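Labels run A, B, C, D and E following the written order; every chain starts at residue 1.
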Amino acid sequence: MRSRLPVVLVLPAVVGLAFLLVPLAGLLVEAPWTSLPAQLFSTEVVQALRLSLVCASLATVVCLVLGVPLAWLLARSELPGRGLLRALVTVPLVLPPVVGGVALLLVLGRRGVVGQHLDQWFGISLPFTTAGVVLAEAFVAMPFLVISVEGALRAADPRYEEAAATLGASRWLTFRRVTLPSVMPGVVAGTVLCWARALGEFGATITFAGNFPGRTTTMPLAVYLALETDPDAAIVLSIVLLLVSVAVLAGLRDRWIRT
Amino acid sequence: STAQPSASTGEITVFAAASLTESFQKLGQEFEAAHPGTKVVFNFGGSSALAQQINQGAPADVFASAAPANMKQVTDTGAITAAPVTFAKNTLQIAVPRGNPGKVTGLADFAKPDLKIALCAEQVPCGAAAKKVFAAAGVTAAPDTLEQDVKAVLTKVSLGEVDAALVYRTDVRAAGAKVEGEDFAEAAGAVNDYPIAPLAKAPAAAKDFVDFVLSERGRAVLTEAGFAAP
Amino acid sequence: MTLHAALRVQRAGFRLSLDLTVEPGEVVALLGPNGAGKTTALRALAGLEAGGAISVNGSTWDGLPAEKRPVGVVFQDYLLFAHMSVLDNVAFGLRARGTRKAEANAIALRWLHQVGLTEFARAKPRTLSGGQAQRVALARALATSPQLLLLDEPLAALDASTRLRVRSELGRHLIDYPGHTLLVTHDPLDAMVLADRLVILENGRVVQQGAPRDVVRQPQTDYVAHLVGLNFYRGVADGTEVRLDDGGTLTIAEPAEGPVHVVFPPSAVSLFPSKPAGSPRNTWQAVVSGIEQHAHTTRVDLDGSPAVLADVTTATVAELRLQPGDSLWVSLKATEIHTYPR
Amino acid sequence: MRSRLPVVLVLPAVVGLAFLLVPLAGLLVEAPWTSLPAQLFSTEVVQALRLSLVCASLATVVCLVLGVPLAWLLARSELPGRGLLRALVTVPLVLPPVVGGVALLLVLGRRGVVGQHLDQWFGISLPFTTAGVVLAEAFVAMPFLVISVEGALRAADPRYEEAAATLGASRWLTFRRVTLPSVMPGVVAGTVLCWARALGEFGATITFAGNFPGRTTTMPLAVYLALETDPDAAIVLSIVLLLVSVAVLAGLRDRWIRT
Amino acid sequence: MTLHAALRVQRAGFRLSLDLTVEPGEVVALLGPNGAGKTTALRALAGLEAGGAISVNGSTWDGLPAEKRPVGVVFQDYLLFAHMSVLDNVAFGLRARGTRKAEANAIALRWLHQVGLTEFARAKPRTLSGGQAQRVALARALATSPQLLLLDEPLAALDASTRLRVRSELGRHLIDYPGHTLLVTHDPLDAMVLADRLVILENGRVVQQGAPRDVVRQPQTDYVAHLVGLNFYRGVADGTEVRLDDGGTLTIAEPAEGPVHVVFPPSAVSLFPSKPAGSPRNTWQAVVSGIEQHAHTTRVDLDGSPAVLADVTTATVAELRLQPGDSLWVSLKATEIHTYPR
């Protein structure tokens, strides 16, 4: 019963879609398809792909656990200097990822402010480990989650939280059972951004965690190395990464949203 | 730009490997001074990325690559028809953090499992070179990371994250005081060539610039940066 | 266990200043025009708005956050949680207070049954009609058996028969209910039926309070007179004569002196096509300015000195062929007029 | 009148904040502050900084113009295969930026599918120009905007749009005057993400637009070059970029939100 | 210019099937219990829900999207645009239809004046009280002078005096108004005062329709009887005797035959402590099950055969010392009972 979609919205939307998808189509067309199956089933690729998915998912979990509360704090509490904090949280977005990796090394590296104690007291060393990959990805991806969720929280009507309070719900229960479900679309959006960013992370990962097959070589690292010697192989690897991520996202997202 | 009677006029665009940044910027200024009316524009980046760009029709006049393999990617497509000339060579050095906390003295130390070791990945020139020297020295290196470029390796050395690494001499020099370089005998077995060539469609000034890089003055600047003569 | 509240809320262009005492088991109805501050008072009591000093039997609630107050609130616009089922909405307060899931659901179902919505237990609030939603909100607030029950127009969206039923359910619950109840409503009938005491708020201040019967008999402001459906005037009495402030004079049966309020029901007014003879001591001429058909009577709005509302039977309307603009004679027995000092 | 903030939320929020900010503090501590003023006022840095800000802002405008309608289309229309489209839109997030740059070259390059016609017919060549920088940044940053805005749109109550329709508002007017203002926090969040991502963009930019000082050398490219010659200077440059972006964001964001 | 609508909406567990004819200038009130489908019908008419075949004087609206229909809607929960000022909300429809800003604002201000909210023109809707918000919604819908006006409980949140004023404003506007009006309301008074015809919806279907007076006199369902406040039974008449379906027999004045509805007002019922002698032909014993104090009378709920509602004066209540559980005699004059075939 609604009217036709307005051209003034559909036209830019279609242009935008084309802008995002045509280059991908270009990649698909140029890709040496014959080598795809061989690539797909080589152990290195399978290894890198699995490591990528595992690390990106773990990083996303870290981001959710730390980032959603942070978004809530920024959106709902009356902290002084919230505006500045909010801007500071976006900083890892702007930081060239390599510099982000350096920053992580400065703090968590063997000689880092925190890292040296981790090493001395607990014998934990994060660089060059899979845990390091997760940390680097989380560092780069968390702002995406925080900012999306904070935007969603700001748009939500706080009176539902008041209603929950009058029913005896603590702030935590209210957050869990009322606030969070009502901003679910925003959280899902943020999670998607976060996961995708983590999956594609390169600069901070290689700087902080290095590159060692099976331990820290994620797909983007494999792609970069392949670019040095065999650009076609790099494109095929990228396409593999793309297909897997599209499959995961298309499979999961509507399920999340529906619940 | 308006046409001028001199052979070397107008703007030329030089695609050069990132490791040449400092020396080529200096050479570019000197070339402009020596050839009034010319302007040298640089595009520094990874050699493979530059090769890719040129093959996609990027407006390059000169290509200076850090590896013959990348140069070959361009000559294969016919974008460069002239024979590339090697204008510099680079050799490996052992890089250690200032003060050498790992007490690394030679290639043999790279096999110690308790030391943190960074190498370049085999796909990049310094990694290929490293593989050669280890093979020559009969050492089985135990690296903790295989970096995608020299700078990533040096960052880790300068921050003390690794105890030793194999990188190019020029890079050790550029990294400053936080990194110390140690020569080793087997380095001569894996020398990296830097080829340069003008593109097929380039103006005459491009050839002049290549000549300038190959000149005495060019060689001097490159040597100052740590490169060896071809 | 008396609840004492001193509510002071300041907003741009509005100030609420309300002192309230509610005995245990008492139901106080808060009435007032739109924007009088009824919802604001409720919010302050619930702890959602700063500015309320509240003590129950000496122990103060001032520092207590909303979730620590033993309060149940029905909000004017329901505020049902959209992502939860109706049952989960009703069980929410119990779960929040630590009741186990099975028990909470059982109690919630009982309440849904009370409001006649058992079959909607699994539905999402968005699929409810307005009235259904409000009944769920009512059940949700009542399910926690709060010590102070705050109801913001709990019956407004209910249809006639549900309203009757829910009103008497609510009434029955409130009679058994040991806590304090504050009921905001626009419907004088609801207030009268459910409340032990009315507090009338205008512009953030109490203008009248008392038992429903007293308020009905002696309204103090135009708003209250409207509310209870009486003709209302201010005047100065001198024996059995009252000179009205807005013009006109009325003869009353019981002598009085000084400034008084004057009230009489519209049903006490009779209309005649020509000046009537006979006993009524007050007759004057007036012009019909409006006619409204009610269920069993017709209400006639008359301009005159004084202006007056009259309820007449439909038969009278037909007989007189009433039309706006008609000039009529108004007659009113002195014994029907009630005066009290102002 | 509300209760104290719950530890179970505040603790992870503070940990999250520390995780994001401590590495930055590490950078600030390690930076060779003495060289900062010299860097700040060198013409190259000023040039690169200005170019970065201009390009990121233009890219953000492009993303807003194309991306907000796209988000609306994905959230509100009943297109078949929306789930897949939504997943495809996230693809440029996962794509290693360098590969994204290659994809852009394949399509918009002088020999690209679209680019060759642009070149022949209009004499327009996008790669290696400032416009190319804007395009590359927009390509990489647009998914952030689209996904944030779509999340916000999904959380918004569509009945307000129905109310606008009954008042005679076309879909376009409704979008402009009702929908968009009500999801403003989400749009702002998306814009911030988009701008920040564009500002920090490196891989796609250097691949598609090259590294020409004054034309395509943005701050992240300058940082990359500085890493070659003077690693300390690279950190200083990053900090300059950070400070400027924090200043811009802290200055603008609360203003946007308030309106 | 008659509007014909055939509305068919199918939902899980609910089906609306409503044929409606509205003459120009006519006001039709849609009444019905919660969940009857009133809002759904409104939405179908407005074009917000598929399932309405609508034609006005032959030209059909079926394909028209909501924004192309000359319709004004007041929503049950207002749906004011939170980010616009009150004035912009009211002017929105005019602006959308191409009126220039200055003119739109002037008209909007006039409407705000009508609903008594001029001073809130610059306020944001969130700062309004519930009643103020509804008045703004009313002004917003009326401002566009729509051809079909759809009002979903437009007066529900208004306080007594504003309600009176807005109701008569609305009534006056509707009289002048040449278009078609559909008014959803729960208040029989509103319906009676404002509507020319009542359509009673139950469970998605029309159960009764007609002029207010006819509906009031001859309710067809329990809901309608509740609505208009009558005692209502089904029975089978045999001359002057009616045997009621739910038990009991009543004597009536006018003989009838066959299945009938039986109604009488609660005020026709008298209560006595012991069996009364005298003329009333119907007397039976009943037990008080509930008492409600209304403004001028007391309503007593009695269980018996049949069960019955009685309105008695407060004096009677005091005299009889009425308490729930008391056993009383109910008396009812045969002439007060009205029967009609079912």
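Keep this in mind: a residue touches a chain if its C-beta (ideal position, glycine included) is under 8 Å from a C-beta of that chain, and two chains touch if they have at least 3 such contacts.
Keep in mind it's a predicted model, so treat the numbers as computed, not measured.
In this assembly, which chains make contact with chain B and also with chain D?
A chain counts here if it touches both chain B and chain D, which gives A.
Based on C-beta pairs in contact, work out which chain pair has the most and send it over.
The chain pair sharing the largest number of C-beta contacts is A-D.
What's the farthest chain from chain E if centres are computed as the mean of the Cα atoms?
Here the answer is chain B, farthest from chain E.
Just curious, how far off is chain E from chain A if you go by their C-alpha centres, in Å?
56
Need the CA-centroid distance for the pair chain B / chain C, whole Å please.
Computed value for the inter-centroid distance: 87 Å.
Roughly how far is chain C from chain E, going centre to centre by Cα mean, in whole Å?
Once rounded, the distance between the two centres reads 19 Å.
Two-or-more-chain contact residues of chain E, please, as numbers and ranges.
47-48, 65-68
Two-or-more-chain contact residues of chain B, please, as numbers and ranges.
49, 52, 155
Residues of chain A that contact two or more other chains, please.
Residues 2-3, 98, 102, 106, 165, 170-171, 182, 184, 224, 227, 231.
Which residues, counting only chain D, touch chain B once they are in their complex?
98, 102, 105-106, 109-112, 127-128, 206-207, 210-213, 224-225, 227-232
Sort out for me which residues of chain A touch chain D in the complex.
Listed in rising order, the residues of chain A that touch chain D are 2-3, 5-6, 8-13, 15-17, 19-27, 29-30, 65-67, 69-70, 72-73, 77, 83-100, 102-104, 106-108, 112-114, 138-139, 142-144, 146-148, 150-152, 154-156, 165, 170-172, 175, 182-190, 192-193, 196-197, 199-200, 202-203, 220, 223-224, 227, 231, 234-235, 238, 241-242, 245-247, 249-250, 253-254, 257.
Taking the touch rule as given, give the residues of chain A at its contact with chain C in the complex, in rising order.
Residue list for chain A touching chain C: 159-160, 162-171, 173-174, 177-178, 181-182, 184.
Within the complex, which stretch of chain E touches chain D?
Listed in rising order, the residues are 46-48, 65-69, 71-73, 75, 79, 81-84, 92-93, 96-97, 140-141, 144.
Using the touch definition up top, name the residues of chain E that touch chain C in the complex.
31-36, 38-39, 76-77, 127-132, 135, 152-153, 156-164, 168, 171, 186, 188-189, 192-193, 212-213, 216, 222-223, 226-229, 265, 290, 292-296, 301, 314
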